[in-house]
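My questions all concern the structure below.
The chains carry the letters A, B, C and D, assigned in the order they are written, with residues numbered from 1 in each.
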Amino acid sequence: MDADFFVAWIEEAARSVRDRKDELTRLDAAIGDADHGSNLDRGFTEAVKALGDRRPGTPGAVLALVGNTLIRKVGGASGPLYGTAFREAGKALGEAPEVSAGDLAGALAAGVDAVRRLGSAAEGDKTMVDALAPAAEALAEAVRAAPESPGAAVAEGRGPAGALEAAAAAALKGAQATIPMQARKGRASYLGPRSVGHQDPGAASAALIVRALCTVAAR
Amino acid sequence: MDADFFVAWIEEAARSVRDRKDELTRLDAAIGDADHGSNLDRGFTEAVKALGDRRPGTPGAVLALVGNTLIRKVGGASGPLYGTAFREAGKALGEAPEVSAGDLAGALAAGVDAVRRLGSAAEGDKTMVDALAPAAEALAEAVRAAPESPGAAVAEGRGPAGALEAAAAAALKGAQATIPMQARKGRASYLGPRSVGHQDPGAASAALIVRALCTVAAR
Amino acid sequence: MKKLINGAGSVVTDALRGIAAAHPGLRVDPENRIVLRASGPRPGKVALVSGGGSGHEPLHGGFVGYGMLDAACPGEVFTSPVPDQVIEASTAAHGGAGVLHVVKNYTGDVLNFRMAAELCAEEGLEVASVLVDDDVAVLDSLHTAGRRGTGATVFVEKIAGALAETGAPLAEVARVAREVNARSRSFGVALSACTAPAAGKPTFELSEAEVELGIGIHGEPGRSRSAMRGARELAGAAVEAIDEDQPVSGDVLVMLNGMGGTPLIELYVAFAEVAGHLADRGARVVRSLVGNYVTSLDMQGFSVTVCHLTDELTRLWDAPVETPALRWGR
Amino acid sequence: MKKLINGAGSVVTDALRGIAAAHPGLRVDPENRIVLRASGPRPGKVALVSGGGSGHEPLHGGFVGYGMLDAACPGEVFTSPVPDQVIEASTAAHGGAGVLHVVKNYTGDVLNFRMAAELCAEEGLEVASVLVDDDVAVLDSLHTAGRRGTGATVFVEKIAGALAETGAPLAEVARVAREVNARSRSFGVALSACTAPAAGKPTFELSEAEVELGIGIHGEPGRSRSAMRGARELAGAAVEAIDEDQPVSGDVLVMLNGMGGTPLIELYVAFAEVAGHLADRGARVVRSLVGNYVTSLDMQGFSVTVCHLTDELTRLWDAPVETPALRWGR
């Protein structure tokens, strides 16, 4: 996977966020402040623009630019959190012009760790971590199960695309699992028990973003 | 008709205004500021209280007290207008302990004239004058047609009660005739052509007050 | 429409208690319903007295204080005060140099203040009156009660109040008050109707797609209903109506006034557009107010008031003022 | 819900243009979205910088000026500003004596200000931060993001701003800011939800018979829903919640804050009740603010903030201030 692949991912994520913008905002209206959809839409739109302007040459540079753009353009809680996640993921990919599924798994793990640290959030707190962490684990697991042999693995559905499918499914499951949780981080925590019964908007957007990765890999 | 008759009139008017308070307010909401019902209710309630406290001994004194109370308690346009009408009507009755239907007709005419002067309003301007003026004329007319011979006149239905019935009917007709008018005085005039199609609240309350006179006379 | 009140019957008295508790610079007499300066009348100074229905807060009680009003008399919601209040206020505020009544042009206000002025005169109190009638939405013809008094009231009270503070005689204070009124024009737009506590429901119904143009400050409908548009177009409609009546030019004082239910962020959006439209017409906004000054309960919407300044008016506008709602220079 | 705007996308920039047009004492940079004092940084004075999502006007831009903030950075509606804005504002406001960031305790504000502070520090700018977290409706436990910052922000900015104006060093200014926060508690009540322009509909639904108790300033629902009651009872609920957390006593500064859609007459009614409840508990309201200071777009409702004063805090509260939304003494 090269820089173009990662650019394509961000473009796909941007499309998907735009398509689901109102739904994300609606989720945020229920237990937050009704801006998550516009926040991410603004951020990913700017990220795509920045990528088009600067055309970074490596996967690491792509993610770094995305992370910085999100930090510079989103604001709110999700801006620094997603921004830092992309920046740390980019850092993990180093300066290689091509990366493997294993590298990607490592990058995703690094990104999730960054969110955990910055937001002091653990799984079960009803945040984006609840979608991102299982996705990172599923990806690492799939990669461990099918070590790098692109041809065969892809044929069996366990290559990058198959592994990413597992990650996307895990993210979605994780996002849905936030519904019964009581929030302990972010704005939703102010609601106490009244936060139960609603999906966390950040977990929902995280599932979309991981799904976009899988969509692009399956092309 | 003595002071008690006039006190009974005001009590009946107060009851009637209270009963129709919401309707008067609704009429005022359509082309004014939605306070005519509460204004008159407050005023007549206070007038009844003042009459109870002070028990004036002549018809003229009753009306003067009512007028002063309305001026002191109502505010708005209707306070000074109705207040002055009652004061001038009271003045016209002088200090006589008993007054005739003819005296009453003269008093009503004096009251209407006072409203006309104070409000610079003519018939057709869509104000209380459009109910009061025809009532005063009808009363004067009925009295002219059946000069003071209480027994006979009452039997024919043309005594005080009959004459007052004519006045009340004229007031109601006058009030309803304000519906198609375009207002030229008061708040409703701000609406220009949009004031057409609504009954003037002051004309409606005037019809109630004249009707109360008739109700009491018919007892 | 929910209201933060104890009951429709006590809202004016309850609010007066709040005003008394909030502003030690005021002396509130809830019994007689008058609001005075705590410092009492200043001998030799013309006293400014104003009043009108409640529901327009901070008008008028919020403008009592140094450099502005000496007394205010709030009536029931949207109902002009009774003469007794005006007489009481005038007597209490009188500093021996006469009293100026600032009266908004509504039949009720005019009649009640006139009666009060006559009775004051009988008592030997010198009273002059100035009528504020700045609302261009009302055709000023023999076929109406004349123009309504709205936003310009704030300008009249501020500027005449500043002149009174200098010890100017009654005739002079009345002269400048009339001049401010003559040089001011207003126009209002409603996005929603207001709900009077006693009525319990909105005075008119507006769909999501409509606005009322040319509304007053008592919940009455406007001159016309029109399609809802953006802030730029609505501001344009207001500026155009004003400009048609009194062409805007030169240095102007502008108030972008909220009707009570519109948040400040939106008022700033509208003010930017008003300033733009005025500049397009060659006028220069040299002084301004943006906020809720002459409200109509919880109505959503705004009004624009433009006053053509002279050097004297600018100087008096800039003079110190210390009231709950307007304060600078001290 | 109609809005007086040109479009959801431009509301913050459009409002900033209005703020710029209305307040010559401010320098507004709509590009970078920062609001500064027109007079520029004062050498040797600690600079106060605050910011947060838009939709809370006059917070924060309306508190920029002598005796209060040096700069404000408004984010999108209800969205904390980005680090670039904070860095830009801090750099522009810096007078060589360090910068105090006044940060309301929300994850977004905390993270963005923290990132900005780190980057400022890397550039050699001395930055201290004070976190405002006064809202007693939120349980302050490990199971939440901690208490929200609401009304006390105004007190912190005013009082710390007054101290900064005296030339006090950064540590001192930060100390007094933290003290004000520690001595302040707030509680809010909503009669209706607000509508964010981008969302287009209310964030929650409330029937005519219900209120939300313990709401924040971002349209989020409160801790609980309860039956609609009169102003006296609702004010009582707010005072009680505050008193339970930090018993009210002695001399207090009280803000009766409107959420944006509630008219002033109702805020005065509520303030009278708050003052009464506080008196019943033995506290004395010696300073107060009644009006729209920390709003939540067009939400109807109010919040109460109580600050336990010390002589120092009272003196600093009384010190001159000259901002669009708070002005006295000059």
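Quick note on the criterion: a residue touches a chain if its C-beta (ideal position, glycine included) is under 8 Å from a C-beta of that chain, and two chains touch if they have at least 3 such contacts.
As the structure is a prediction and not an experimental result, all values here were calculated from the model.
K.L.:
Pull subunit D out of the set; how do the leftover chains group by touch?
P.N.:
So the groups, subunit D excluded, read A | B, C.
K.L.:
Show which chains lie in contact with subunit C and also with subunit D.
P.N.:
For subunit C paired with subunit D, there are no chains in contact with each.
K.L.:
Which integer distance in Å separates the CA centroid of subunit A from that of subunit D?
P.N.:
33
K.L.:
How many angstrom lie between the centres of subunit A and subunit C, each centre taken as the mean Cα position?
P.N.:
55
K.L.:
Whole-Å distance, subunit A centre to subunit B centre, using C-alpha means?
P.N.:
Roughly 77 Å, centre to centre.
K.L.:
Give me the residues of subunit B that touch two or more other chains.
P.N.:
Not one residue in subunit B touches at least two other chains.
K.L.:
In subunit D, which residues are in touch with two or more of the other chains?
P.N.:
Where subunit D meets two or more other chains at a single residue, that happens at 77.
K.L.:
Chain contact graph: line, ring, star, complete or other?
P.N.:
Looks like a simple chain-to-chain line, open at both ends.
K.L.:
Touching pairs of chains, all of them, please.
P.N.:
A-D, B-C, C-D
K.L.:
Along subunit D, where are the residues that touch subunit A in the complex?
P.N.:
Residue positions touching the partner: 53, 75-84, 106-108, 111-112, 115, 137-139, 142-145, 148, 196, 198-199, 203-204, 216, 218-221, 223-224.
K.L.:
Which stretch or stretches of subunit A touch subunit D in the complex?
P.N.:
Residues 25-26, 29-35, 37-39, 42, 71-81, 118-119, 182, 184-187, 189-192, 194 of subunit A touch subunit D in their complex.
K.L.:
Would you mind writing out the residues of subunit D in touch with subunit C in their complex?
P.N.:
1-7, 11, 14-22, 54-55, 57-58, 62, 77, 191-192, 208, 211, 228, 230-232, 234, 256, 260-273, 275, 285, 288, 290, 292, 295, 297-298, 300-302, 322, 327-330
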